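In the two assemblies presented below, subunit A is common to both, partnered first by subunit B and then by subunit C.
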Partner chain A sequence: MRDWSQQQRNRQARLDRAAAHTSGKVVAAQDIGALLEAVIEPGDRVCLEGNNQKQADFLAKALAALDPARAHDLHMVQSVLALPEHIDVFERGVASKLDFSFSGPQAGRLAKLVSANRIAVGAIHTYLELFGRYFIDLTPRVSLVCAQAADRDGNLFTGPNTEDTPVIVEATAFKSGIVIAQVNEIVDKLPRVDIPGGWVDFVVQSPKPHYIEPLFTRDPAQISEIQVLMAMMAIKGIYAPYEVQSLNHGIGFDTAAIELILPTYADSLGLKGKICGNWALNPHPALIPAIEAGFVESVHSFGSELGMEAYIRARPDVFFTGPDGSMRSNRAMCQAAGHYACDMFIGSTLQVDLYGNSSTATLGRIAGFGGAPNMGSDARGRRHASTAWLKAGREAREGRMAKGRIMPRGQKLVVQMVETFREHMAPAFVEKLDAWELAETANMDLPPVMIYGEDVTHILTEEGIANLLLCRNDEEREQAIRGVAGYTPVGLARDKRLVENLRDRGVIQRPEDLGVDKRLATRDLLAARSMKDLVRASGGLYDPPKRFRNW
Partner chain B sequence: MSSYYEASARERLQNLLDPGSFQEFLPPSARAQSPHLLQLETPAAFDDGVIVGTATLGGAKVLAAAQEGGFMGGAVGEVHGAKIVGLLERALDERPAAVLLLVESGGVRLHEANAGLIAVSEIMRAVLALRSAGVPVFVLDGGQFGCFGGMGIVARLCDAVIISEEGRLGLSGPEVIETTCGVEEFDSRDRALVWRTVGGKHRYLLGEAKEIVADDIAAFRAAALALLDAKPDLSLDALAAEHEALGRRIERFGSAADATDIWRAMGLENPEKIPVLEADDFRAATAGRRL
Partner chain C sequence: MEKLTYEFQGGTFSRPKNEAKLVGVVGSGNLEVLIEPADLQGRCVVEVLTAARGFGAIWQAVIADFFARYPLADARVSINDVGATPAVVSLRLDQAAEDFLGDAQ
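After this line comes the complex of A and B, so read on.
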């Protein structure tokens, strides 16, 4: 008769081997190498919690230091490669296969090891896709996670940066896997329980608190007047006519500029209460003035942001907080919310092609994706209506389908916001994305496209807004994109007559068509022009990391 | 409130001096630009990054120079320096109520280093000559690049420095210190440390800046106006007293590892809270405690 409990018995065998190195669930820091050696078997699928922000850095070091003769051929499944150790495990021969989402800081080293055949990449996923596969065909055998504090029963308090921990632990713990958590402190009583102790096998107090990256802090001092102009165009040309209430903003100075002119420009247009009420967003410091001005009703977050703790604690009507007062974030939940429950995604990119495909891939770097692909794709499973969703859907369908046969359906607004030239005068608009060449050199099944052209509804540059929903065929779409591409080669190759025709139809709108006065596009419009202004706006509650201060 | 930190050199002059009173010498149309930069095929500026001219301040005649941080960080080249020296020497002839130097400079322009170094020494000599002739020279320091290198020395030769919290004053800049002495000695990316050490508040507490104001052009104007009536004491006794004070300063604080240690030793309450205070509260909290 078949043995139906092999995984459970294997789990027990691992726990038995581990018993020599632990006292109950608590493991001493110096025993962590021995513990990992006891519970990890060659070929294991291992999730090392590497997030956007918080990092299981102590466990990462310990994993990378294992003897490759005993621990080898591990298959790493983790959302983000952020620390050098995340690549060291491959370089040292401990791991050989990788499935992930984002590798920003390690993108260059990752590309090198892939081309040297030291890392076999399964796929570059979007976040929800990877989390989904944790429950289907990429379930971790061992997970190494990170929390603020634990008690002796293994209950975990994650603090504001809950991030990926719940989804990782759930997938591992309920499929006979092993969960090890590094914590900053072991205490008798936790402020709140984010992960029940029954799902956690071992806890270890790391010698140093885990690292958290302040990824979403943008110094208003670095916002340019072009960015202010583009922010004005976004508000007047997209937020206002579509009455966008629920949304996600990408990371970057372009969207920070929008956040900072809500209390000034958007308010002067009488838009308070009409736009930007409900957000799927990390607690961006740049949003503080808009919150204080009464624009923002609610914010649910993927993770937290360093320095925002006291401010969030003092604004529980806006943020999701626990009974202890601190925030509870959750990347999987917020990604799902951003995908299904938001009317709009707006974010920056590096390259856009003539079909509207956009990519942040560049040669020699395998950077993967952040949250943009899940946020920035139409939610085909959505059924609830809103003004913005219905209007976008109507624009997309009218003219393409015969009247009378149109099945009413909405569409998400997906806006790509980009200056025609980026750093070093590299054109943002290209005939062919670098992603194609990267796919070829790195042997990928498909070019890493961040947002597919069919999902993009608007492209916004300093030259104007191209409304791709209103384009009736591929030629119009191409000319609409060329029409806002300015002086880039792609822009200069536009068909002037067709572009003027598109402008007459409102497919392309220049700032003057929108009634945006370029003379007002100065930094004076920003509700905060410095980090200190953000602190002032928060009533002294926001405490920026020291690298962002000039006081 | 109009930010001094964010304004260009021309905007600062326009809003600081009496409206419409500023008349520029060697304006951009005169094309007094650096011959060295052109030879190196480096972009040059028609005013070589400094604006000099005459104006009135509260009705009193002043001469003023403003360095533009947006052009090579306000670095001093040959023509740039010559324009400032020329202004100072003109003041010797015209005897205005004061000369205002709106300094924003990382130091000498490396592209023309020797000429720039000579220019700085000429500025120093001209400042001292002017002061001994009884014309006060005031420095305004609140721009994005601070006041470092040669211009840092010049600033301390003048009668008074008006600084904002955002302003910085020093000899070697933070990056230079880190490069030569190591990140353990000084981490230039720790911006809180940088401002705590070379920023306006600490310079004011150490007595190197006479006035500290909010980041507001009107506040700089008010402080400059108030200084016009002050008569500096240039006697030998005053000089000896200043030297003695500097000697006491290094004796008292020479072993302090951080500005907060100095603030604590000065008897300031909650020294760690000093950086977050606004200019007015800061002046009140430190009244009677600074050097």
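After this line comes the complex of A and C, so read on.
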């Protein structure tokens, strides 16, 4: 008869081997290597918690230091490759296969090891897609996670940076896997329990607190006047006419500029209460002035942001907080919220082609996607209506079929915001994305496209807004894109007559068509022009990380 | 440095008063724009002094589009460029022209 409990028995064998190195659930820091060797078996699928913010850095180091004669051929599944150790495990021969989502800081090293056949990449995912696979065909045998504090029963307090921990632990613990958590401190009583101890096998106090990257902090002093101009166009040309209430902003100065002119420009247009009420967003410091001005009703977050703790604690009506007062973030929940419950995603990109495909891939770097493809795609399963969603859907369908024969449905607004030239006069608009060549050199199944053209509804540059919903064929779409591509070769090759025709139809809108007064496009329009202004706007509650303290 | 000069005829917007407008500051990726009234028999003359060589075709297009938006007459436009993008050049030119024309527009 078949043994239906092999995984459970295998789990017990691992726990038995581990018993020599632990006292109850608590493991001493110096025993971590021995514990990992006891519980990890060759070929294991191992999930190492690391995102673009919180890092299980102590466990990453311990894993990378294992003897490859004993721990080898591991299949790493993890959100982000951020630390050198995330690549070291492959270089040292501990791991050989990788499924991941984002690799920003290690993108160059990753590309080198892939082309040297030292890493076999299964696939590059979006966060939600990778989390989904943890429950289907990429369930971890061992997960190495990260929390703020633990008690001796293994209960975890993740604090404001809960991020990916719940989804990783759930997938592992309920499929007979092993969960090991590094924590900053082991205490008698936790402020709150974010992960129940029954789901956690071992806790280890790391010698140093885990690393957190202040990834979403943008110094307003670095916002340019072009970014102010584009922010004005976004508000007047998209936020206002669609009455965008629920949204996600990508990371970067372009969207920080929008956040910082809500209390000035958007307010002067009478838009308070009409736009930007409900957010799926990390606690961007740049949003403080808009929150203080009463624009923002609620913010749910993927993760937290360093320095925002006291401010968040003082604004529980806006942020999701626990009974202890600190924020609760959750990347899986917030990704789901951003996908299904938001009317708009707006973010920056590096390259856009003539079909509107948008990519951040560059040669020699395998950077991955993170959450952008989930935020920046139409939620085909969405069924609840809103003004913005219905209007976008209407624009996409109008005139396509005889009235009465079209099934009405909405569409998510997906806006790509980009200056026509990037640094060093590199054009943002191209005939062919670098992603094609990257796919060839890195042996990928597909070019790594962040947002597919069919999901992009608007392209916003300093020259204008192209509303792709209103394009009726490929030629119109191409000319609408060329028509906002400025003086790039793609822009200069436009058919001027067709572009003027698209402008007459409102498919392309210039700043002057939108009634945007360019004389206002100066940094004076920003509600905060420096980090110090942000601190002041927060009533002294925001405490920026040292590297952002320039006063 | 490269010096480029462009001339346009048939402009209709002019400003009789003898006052110049200086917009923008010199800095990395930035530029100065000066527009002043001048007796040029109705022409508009644009002089560009740029730190970046080899972008003549883009300057030509940027300046021509500017003149299409603001057909200035009897005006001298001086641009001192320190590697600004066309986006910055166009914005500064438009801001300068709006200021230059003021209520005369």
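As a convention for this text, the second predicted complex is superposed on the first by the 551 of 551 C-alpha atoms of A that agree within 3 Å, B and C clash if a C-alpha of one lies under 4 Å from a C-alpha of the other, contacts with A are read in each partner's own complex, and residues count from 1 in each chain.
Operating definition for what follows: contacts are C-beta pairs under 8 Å (C-beta built on N, C-alpha and C of every residue); 3 or more make two chains touch, one makes a residue touch a chain.
In this text, all values refer to a predicted model and were calculated from it rather than measured experimentally.
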Subunit B versus subunit C as contact partner of A:A171, first or second or both or neither: neither
Which superposed partner A:I366 touches (first subunit B, second subunit C, both, neither): neither
Which superposed partner A:W551 touches (first subunit B, second subunit C, both, neither): first
Subunit A residues touched - subunit C or subunit B, whichever exceeds: C
First (subunit B), second (subunit C), both or neither touched by A:G540: first
Partner chain(s) touched by A:A521 [first = subunit B, second = subunit C, both, neither]: second
Partner chain(s) touched by A:R529 [first = subunit B, second = subunit C, both, neither]: first
First (subunit B), second (subunit C), both or neither touched by A:V179: neither
Residues of subunit A contacting subunit B in one complex and subunit C in the other: none
Of all residues in subunit A, those that touch subunit B in their complex: 221, 523, 529-530, 535, 540, 546-551
In the complex, subunit C residues that touch subunit A: 52, 55, 57-58, 61-62, 69, 85-88, 90-91, 94-95, 98-99
Contact footprint of subunit A on subunit B as seen in their complex: 3, 5-6, 165-166, 189-195, 199, 201, 275-276
Subunit A residues within the subunit C interface of the complex: 224-226, 229, 419-421, 425, 461-463, 486-487, 492, 512, 518-519, 521
